[in-house]
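Both complexes shown next keep chain A, but they swap its partner, so chain B is in the first and chain C is in the second.
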Partner chain A sequence: MMTASLPVTPAAPALGLWQRLGVALYRRPGLQLGLLLGLPLLWFLVVYIGSLATLLAQSFFTFDDFTMEVSRELTLANYRQLLQPANFDVVLRTLLMASAVSLASAVLAFPLAYYMVRYARGWKKGFFYVAVMLPMWASYIVKVYAWTVLLAKDGMVYWAYQHLGLGGVMDWLMTLPLLGGNSLTTSHLGRFAVFTYIWLPFMILPVQAALERVPANLLQASSDLGANGAQTFRHVILPLAFPGVVAGSIFTFSLTLGDYIIPQIIGPSGLFIGSMVYTMQGSIGNMPLAAAFTVVPVVIIALYLTGARKLGAFDAL
Partner chain B sequence: MKHRLHVLACAAVCSSMVATPLLAATPTTLGTPEGKLNIIAWPGYIERGETDKNYDWVTQFEKNTGCQVSVKTAATSDEMVSLMNSPNYDLVTASGDASLRLIYGKKVQEINPNLIPSWNTLDPRVKNGNWYTVGGKVYGTPYQWGANFLMYNTKLYPTAPTSWAAVFEPGKLANGQSNKGKVQAYDGAIYIADAALYLMSKNPALGIKDPYELNETQYQAVLQLLRQQKQLAHRYWHDVTVQMNDFKKEGVAASSAWGYTINTLQGENFPVAGVIPKEGATGWADTTMLHAKAQHPVCAYKWMEWSLNKNLQSSLAEWFGSNPVVADACKTKAPGGSDFCKSNGFDRFAQIRFWKTPIATCKTQGTCVPYSRWTSDYIAIMGGR
Partner chain C sequence: MHSDQDRAPLWLRLLAYGGIGFLFLPIAVIIIYAFNAESAGYSFPPKGFTLAWFPAAFARNDVMQAIGLSLQLALLATVLALVLGTLAAAALYRREFFGKDAITMMLILPIALPGIITGIALLSAFRLADIPSGFWTIAVGHATFCVVVIYNNVVARFRRLSYSLVEASQDLGADMFQTFRYVVLPQIATALLAGGMLAFALSFDEIIVTTFTAGNEVTLPIWMLNQLTRPRDVPITNVVAMTVMLITALPILAAYYLTRGTEDTAGSGK
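Up next, the complex of A and B:
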């Protein structure tokens, strides 16, 4: 009777395999973390960092012009070659285009994103989202080829200009040294337009995300304190949304910097960094110079990202 | 020469992987076909009637041999060379600037012509060609050859231009306008040879004997000509579709072009024509080569035999704008009924300078400007320097 009233400690139930595994992992947080991150980390180290390191190493190898053979003798000659006028032109050309495209994208994207966030409601909002995303679903190549037809001398753009009585303006534009060419399809202006068209959605989305996060009550407070629209925009909205613009420009800038298809199809002759790498690597096997050229955008983007981080762009991604 | 070529081949081929030659002994008899065949080819080279049902030279082969053909198209010689690193392919239709790289890179194997009964029908001009025969060994079966034509708009040139001067020198078009901004040049460094070919006859004092073998003085003269052309150039064409568009929509008057481009534009009734001017032309000679590790060698031999039949050769020549390697094929009617041998320059073999990679040690000069410099200088010229 006494014994019956004593509390009986039940035998601990046998733990299942999974539970025991769980306990074991719980006791060894290091192992847990290792299992969780091991594979992705390995992937990252080998595939990303590894190939980048190989690339960097390649850029110091020697390419013998005479035998066209790559040897593992280390040299700085490839980087010196980058500074030759013809090669430096390539870097400068690409850099200028990437900056111009980013700037234009920002100017075009900001009002659109602002409207999407502040004014578009209901179906309009959905419409704008789809309209921005839609071009990204179509094949890039098809869009670029379509532009060659649109921009051609017998194409729609010229036709429109002619009918608006602006044919003379177009002819004048084409004579300008930095913009012009034989026609829109072979001019810097045409290439710039296509680049901007292709990468614009990548600017709109981050800007829109940043604007979305500007609290409405700050705007009310601003107007309560007597600021007019322009002042509110300059002192409240722009500083808060600017990281979004910088975030977008990371995309537009680096995508333009690395592209090698648009420069081949639209615009004047003269290579971009991407097409230069393609030529060096592809047709003559000058892997070291190709690698050195590839390091250029890596360095530029690294500098750019450092700057962007200071501006808080990563919070807006 | 041989050593240099080997090195050259290696620069391109084995930079990423060390070639381990695993050459199977050249067969003397053929077994039963393996049922499959994988070919790397230029677009439009191996047709099974999918683009135009009249041009089909695969279906019958499959019926005859039971070898299912799959084709991987490649757009450049370099792409072909790199695809051949994979052992999944049996055959490749390599041009002269790739074939030697493949041979010296040990990516292709020697073949036994005795296993190809039609071998003796080959045009004697291509038999033993130095772009596929090395040291008496035969590395593949000739497939087709062709020229880089001077394509012109027949409205702007009512009489055909007779010289490449049309694209190199300032001049007047039929409508009274200057040709400035109306001519195109190819955007590959190999185009330097086109300029050299023109200078060869324009300025014999330079002593150019082979447009792919230029000494420093000749080379500088050629570059100067190309810089002059840059002032006239509408664009350096890279892409066939864009080039056709430029002729149709941008009013381009003359350019170097492939037979395929001319045929396509004429097919759309656009007023263009192509000529091989008096200076001759650069061109290409293609060879069907057998992969060193081909998994379907019997089917591959069957295809090489099949590729020399005159019906295939004539249809292909008409379709692609090229020339047959079997002389009889010229008399064989092609689906379109055109006199393709005449229009594609069959009789002008001697005037075609076939593509090859320029190397530093050359036959005609001793020391020549190598291809790596061609590339960097041509890039500079296209960039306006």
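Up next, the complex of A and C:
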């Protein structure tokens, strides 16, 4: 009998603990996913979703006007208080500002974005991108501060007006009901300018991205078919880039809606949704009413997002 | 939508460069007024050039403390966000599963919702749990909204990274840490750095969430806000404003140059 030598399979090299663990994880994608996602998921559920849930719960708590204390008795009183006419004014004022700021940003952003996409070449392309991104990310509070410097009584803007001989125009503007105020820093116009400045880059970038996707041959086709520049713009470029404008307006609108620092520093008195929430919880300590009030911007933004989705804004992001 | 044959009409060039001028006007103002000799007020043109306010500002205890606090917070928030954001990106970039969209949405929510909602929500939760406001409550808030910045940068890089490289590394006997250290990390390093810089800048000058979670702590932006509501030391404020601007602008520029032209990452043979 012959002892046939069995084909020897080389012994698999012994795997270390971490190697075996790696293999085990590779075979169980679910476990791997769980290990990777566990920590961030836990953090967001506890810290963020947990906080939002607490906020919502607080909006049903009772605030005692006499003792100024919050008790955990559930009530709908806070939501009923929301419906007071004075609060409608606050909401309306904020909505008006948010719409005006979005519109102005779109008007200012479009030519800039159009130039960036169509004419900026080489180093200029990078220059324009950085020139939009840098002011966008630069410190919010410093930018607001810079505007108080600019708009101050003897500041740069007044100086420019006087030297252009437009002092009278400025005085006239300040007397108008929806624009005016005692001075630029306490006028609606000043507040509007600062809001528009602060959120403008958030409009430029989505519009630029949308324009970037407009195929060049459509423009050629349009002019081959005899359209002039204005017609091409009106019937080809604008409809194709419009979702980008809507996408940008999501930012300008919702950022204006929730802001409470600019209304506090620049412009006439009169609360915004943000400042209302801030004063409610801060100086008055009425956290339940403040919590109920935060539901207002959330609902408005949710409605806005629904509309924006219908207009194709999410594909433009 | 490029066209190379024609030149922009004058009015369009004016609008484009005018827009850029508008964006940079306040930044220029901050830089000019930091060197203004005037000791109160904002009159234009400036009253003369001086460097005197710089040593004066940096000799102030409240200013230095605020800068120190903001730097520490930004560092801590960035590190926390780097860990959480990278883990989330690694988990989400190549898998489809139930609830994935909801999770992505949840990561974006802290910066998509107005800051005031995030701020007041955190405050109400901390109060309910009897956690006193301070350094750690600010850091937790900052880390939460910084995660999305890291996530976006890293997930974009991961999508260009070919997963077969990871498999090859494991086939060749590398353990998990070796694979991460020698295969994954070199490819995502610049994305991590860029995301980290943006997160740092975001945290360093965040004010809206911070006012709710800070308690009695005074971060640099809160110091600025206090000066705005009760203007006292105009020249000191001007110098601090320029400092904040520089501390945030430099990481942003660095992040831009780090992520420029990374479309062709080595080895991503897809």
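Everything that follows uses one rule, which is that the second predicted complex is superposed on the first by the 266 of 317 C-alpha atoms of A that agree within 3 Å, B and C clash if a C-alpha of one lies under 4 Å from a C-alpha of the other, contacts with A are read in each partner's own complex, and residues count from 1 in each chain.
Going forward, a contact is a pair of C-beta atoms (placed from the backbone, for glycine too) under 8 Å apart; a residue touches a chain by one contact, two chains touch by 3 or more.
All values reported here derive from a predicted model rather than from experimental measurement.
Of the two partner chains placed by the overlay, chain B and chain C both lie in contact with A:I265. Looking at the shared chain after the overlay, A:F192 reaches neither chain B nor chain C.
By the touch criterion stated above, A:F202 is placed in contact with neither chain B nor chain C. Considering which of chain B and chain C touches more of chain A, the answer is C.
Contacts of A:S183 after superposition: chain B is touched, whereas chain C is not reached. Of the two partner chains placed by superposition, only chain C is touched by A:A291; chain B is not.
Contact with chain B, but none with chain C, is seen for A:F63 once the two complexes are overlaid on the shared chain.
With both structures placed on the common chain, the touch criterion links A:F242 to neither chain B nor chain C. In the overlay built on the shared chain, the residue A:F253 is in contact with neither chain B nor chain C.
When the two structures are aligned on the shared chain, A:P85 is found in touch with chain B, with no touch to chain C. Residues common to the contacts of chain A with chain B and with chain C across the two structures: 145, 148-149, 152, 154-155, 264-265, 287.
Chain C contributes residues 1-4, 7-8, 12-13, 15-16, 19-20, 22-27, 29-30, 33, 41-45, 83-85, 87-88, 90-92, 95, 97, 103, 106-107, 109-110, 112-118, 120-125, 127-128, 140, 143-144, 147, 167, 170, 173-177, 179, 198, 201-202, 204-205, 207-208, 211, 221, 224-225, 227-229, 237-238, 241, 244-245, 248-249, 252-253, 256, 260 to its touches with chain A in the complex. Chain B meets chain A in the complex at residues 4, 7-8, 10-12, 15, 76, 78-79, 181, 187-189, 230, 233-236, 238-239, 241-242, 245-246, 248-251, 359-360, 370-373, 375-376, 379-380, 382-385.
The part of chain A that touches chain C in the complex is made up of residues 13, 15-16, 18-19, 21-23, 25-26, 29, 33, 36-37, 39-41, 43-44, 47-52, 54-55, 58, 108-109, 111-112, 114-119, 121, 126, 128-135, 137-150, 152, 154-156, 158-159, 197, 200-201, 204, 211-216, 219, 237, 254-255, 257-261, 264-265, 274, 277-278, 281, 287, 290-291, 294, 297-298, 301.
Listing the residues of chain A that touch chain B in their complex gives 63, 65-70, 85-87, 89-90, 93, 145, 148-149, 152-155, 182-183, 185-186, 264-265, 268-271, 276, 279-280, 282-287.
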